[in-house]
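What follows is a set of notes on a single structure, which appears directly below.
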Amino acid sequence: MQTAGKFDMNNSLRDSLERLAQSCRILEMEGHGDMTLGHLSLRDPEGRGFWMKRNRVGLGEIVGTEDFVLVDMDGNKVAGSGGRHSEWPIHSEIYRLRPDINAVAHTHAEFSSIFSASEEALLPYTLDADYFDAVPRHLDEVALINTKPEGLALATSLGTHYAVLMAYHGVTFCGTSIEHMTCVGVFLEKACKVHITAASAGLSKPKLSSDIRKKRNAQIMLPSHIDQSWNYFCRKLAWMREAHRGDSRLFR
Amino acid sequence: MQTAGKFDMNNSLRDSLERLAQSCRILEMEGHGDMTLGHLSLRDPEGRGFWMKRNRVGLGEIVGTEDFVLVDMDGNKVAGSGGRHSEWPIHSEIYRLRPDINAVAHTHAEFSSIFSASEEALLPYTLDADYFDAVPRHLDEVALINTKPEGLALATSLGTHYAVLMAYHGVTFCGTSIEHMTCVGVFLEKACKVHITAASAGLSKPKLSSDIRKKRNAQIMLPSHIDQSWNYFCRKLAWMREAHRGDSRLFR
Amino acid sequence: MQTAGKFDMNNSLRDSLERLAQSCRILEMEGHGDMTLGHLSLRDPEGRGFWMKRNRVGLGEIVGTEDFVLVDMDGNKVAGSGGRHSEWPIHSEIYRLRPDINAVAHTHAEFSSIFSASEEALLPYTLDADYFDAVPRHLDEVALINTKPEGLALATSLGTHYAVLMAYHGVTFCGTSIEHMTCVGVFLEKACKVHITAASAGLSKPKLSSDIRKKRNAQIMLPSHIDQSWNYFCRKLAWMREAHRGDSRLFR
Amino acid sequence: MQTAGKFDMNNSLRDSLERLAQSCRILEMEGHGDMTLGHLSLRDPEGRGFWMKRNRVGLGEIVGTEDFVLVDMDGNKVAGSGGRHSEWPIHSEIYRLRPDINAVAHTHAEFSSIFSASEEALLPYTLDADYFDAVPRHLDEVALINTKPEGLALATSLGTHYAVLMAYHGVTFCGTSIEHMTCVGVFLEKACKVHITAASAGLSKPKLSSDIRKKRNAQIMLPSHIDQSWNYFCRKLAWMREAHRGDSRLFR
């Protein structure tokens, strides 16, 4: 593995990685943090692989470009000074199978992780589940996904969707942009929390036709809604930082 | 649609809109916030339509008069510089059918939204459900309510009540005053949370007669209780602002 | 009703009422607050009735001696400048029937209020329920308890216990001292939360013999434990105040 | 019992006790606090017994070396100025039976304590339960464990594991180091919370083979993971302190 030193980074990439760092902190704020576990990545615009969050720090501790390492499609670190998470094949194999995807995340979001154990579908008790057409479930006899075949199997389970539940483990989600991936993650976690709360109370299962679910999805999963939600999360992150005196690493 | 510039606003209207802004922040504080979604309105005292929260910002970000736009009964924006939410027909049609109503809100309050999926009635596990005589449920094959017929159907489901659950979506509530509407929203969210918690624990269903429910309602849903609760929420909002250093937009 | 002006108060009474104010804030901190509802009282050491929290403010807003009014056993306010809660008969009738009791509280603590709907006993899933030998349940066709016969019925349901659940409404608890009453309230709320959580998860019901429950109670419901817990709550209240900048009324 | 005065403490022991104090505050932060109840200890490196948290203060109030007392294997306090918890036999008997163990804790962590009532095993709904191979349950007709035979019975139930549920009471956990013990406690509480949430929602029980559970455990319960998690908790404690102005005793 090549040790990476100072790396030439143009302004566009620098800007993207700063937004990816913001995405890490937003996901921490919205319930995706689990100690130092979980990682996000951005497809390298120059085709060298993907920029992945360094290991040994939590999502909420990610500050900027220095917190990412460039990993090639075979898992070699080719730039950046941090450590590489062992689960890099989650990212490489999704980028390989899905040319439309530019950002990938794997987290142990609290309710999504619990819901990963469910053998039933995620139901539309509220609109949150309608941000997705459906969410597949990956059931494999592994814990960490740290080989290419395991990553390929997960990417295959993902199929053409934007999120896949990893049974008894967590969730992987992705998007055409950093903003899209972030919203998919946040909305999925909300939908799983809603489903778990509704199921706990024994509420009867929603009886929505496939047509109405498609209409609901078409009305809400719009680029303008992604933009407005992303901007909202960025402002909320700033309030949190102010409320916590600006000294806290968690919401910097 | 007429672009609205500087608009002449008398002191009484200015004061009302400042209380409506306070209502937005109180509802955010009490669990009604959902990113930039949800909106409140006040019937225009001069009969020009209603003043509605502008779009693209969250309930907790609403600061004052500049955050509202005047919308006529056909959905045209006639004053104010912000954007108009597409669900304006919720407001116009309730004002049309209910001359007693002066304030309307639609939110995705967490527990009310989940409870909207319930096919059973809201039960009086505690006094909170007795602030209402009953809460109807609107079951329609739509997602957003952005046409007059859809708004009319919702207003018809509301009937003579102050709140209506929108199945698999959220809740709409209203009142004779801003203070009344705010308390209806807060009390409903509390009652739904209580019902969901009690049902999760499998507690047996309350066996209260219709007469005792009427007596309970008559003892607690009083103008003086609305006043005292509103004043309490205003003071609580101020504590929150102080506790968060006054810089936070969330509880300003 | 006699309007009360400046009232002569000796140092001992002043000190007691300051501890009663602290009890109000501790109970707010530990989940007993419900807007401006709920009230605490201390038996007047000179036999004139009881000192009761004034109305229109929340438990967390109670600061000191000026927040209490002296109410006689017939409900007349004989000292203090605040308003009197209408549910004074809860207090008068318990003091009348129970000479051992010096402090009484009625609150809508979240989990205790929900658990008041339970037709089954509070079970010892953890030690918290063992702070009580048992908790009776008052089932009456009333909402507010604002007449002497209603207060007497509640006091009769309480019997020789320190807490009584008020079905579909809330809880009343009491003690030989302010500290004892406070701990009873906090421990009961913890036990009800534990019971509701355990029952929601479908855990099997505890199989503890009556003898072992008595032993558990004898080991933990000791004066020294009350003292240590009260002192802990007072310190916790001070941390909260510091953490919230000392300006907040909530944890002053 | 010998009253302990100034005690000679070398730098290594001083450093260990400071990390033990940090462990107390981390456990408070992660849900193990219950007023002044619960205690941690470190095996004395010179064979004189164990250093145990003093009584009458909460886990979050433990600041440094002055908050520990040296207790010998018969329960005599031989150094330190604080009081000794009555449940010292939990510690002495585990150290006696388990030479590999250097740190022991007993707490009333919220979800672990509730889960102690479960007659079913802790299930791997997520990876959290895989940090353990299994968790035994101690079912004894006692409340406090304050005699040697009771401590021995608990240590026997613990067997070769790192955690044991104490039915209807709480949990005891231990480790080869302070860091190990801390992580066992935090991970167990997470796993119990996950199990309770999943069971409440009625999710089907995980169907993982014994082999895959062993593989999952081998992949995640590594010394490097303990180190990274401990370091993360220490940083999180520092953010909390900053966010709460540094004045709060709770997160100092």
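Note that the chains take the letters A, B, C and D in the order they are written out, and that residue 1 is the start of every chain.
We adopt the following convention: contacts are C-beta pairs under 8 Å (C-beta built on N, C-alpha and C of every residue); 3 or more make two chains touch, one makes a residue touch a chain.
This structure is a prediction, so every number in the text was calculated from the model and none was measured.
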| item | value |
| --- | --- |
| Chain C against chain B, contact positions shared by both copies (same if over half, else different) | different |
| Between chain A and chain D, centroid-to-centroid distance (C-alpha), Å | 33 |
| Distance between the centres, which are taken as Cα means, of chain D and chain B, whole angstrom | 47 |
| Numbers and ranges of chain D residues touching at least 2 other chains | 197, 200, 245 |
| Chain contact graph, described as a line, ring, star, complete graph or other shape | ring |
| Touching pairs among all chains present in the structure | A-B, A-D, B-C, C-D |
| Complex contact set, residues of chain A against chain B | 124-127, 130, 194, 197-198, 200-204, 206, 208-209, 212, 215-216, 219-220, 228-229, 231-233, 235-236, 239, 242-243, 245 |
| Sites on chain A touched by chain D in the complex | 35-36, 55-58, 61, 108, 111, 113-119, 141-144, 168-170, 195-197, 199-200, 244-245, 247-250 |
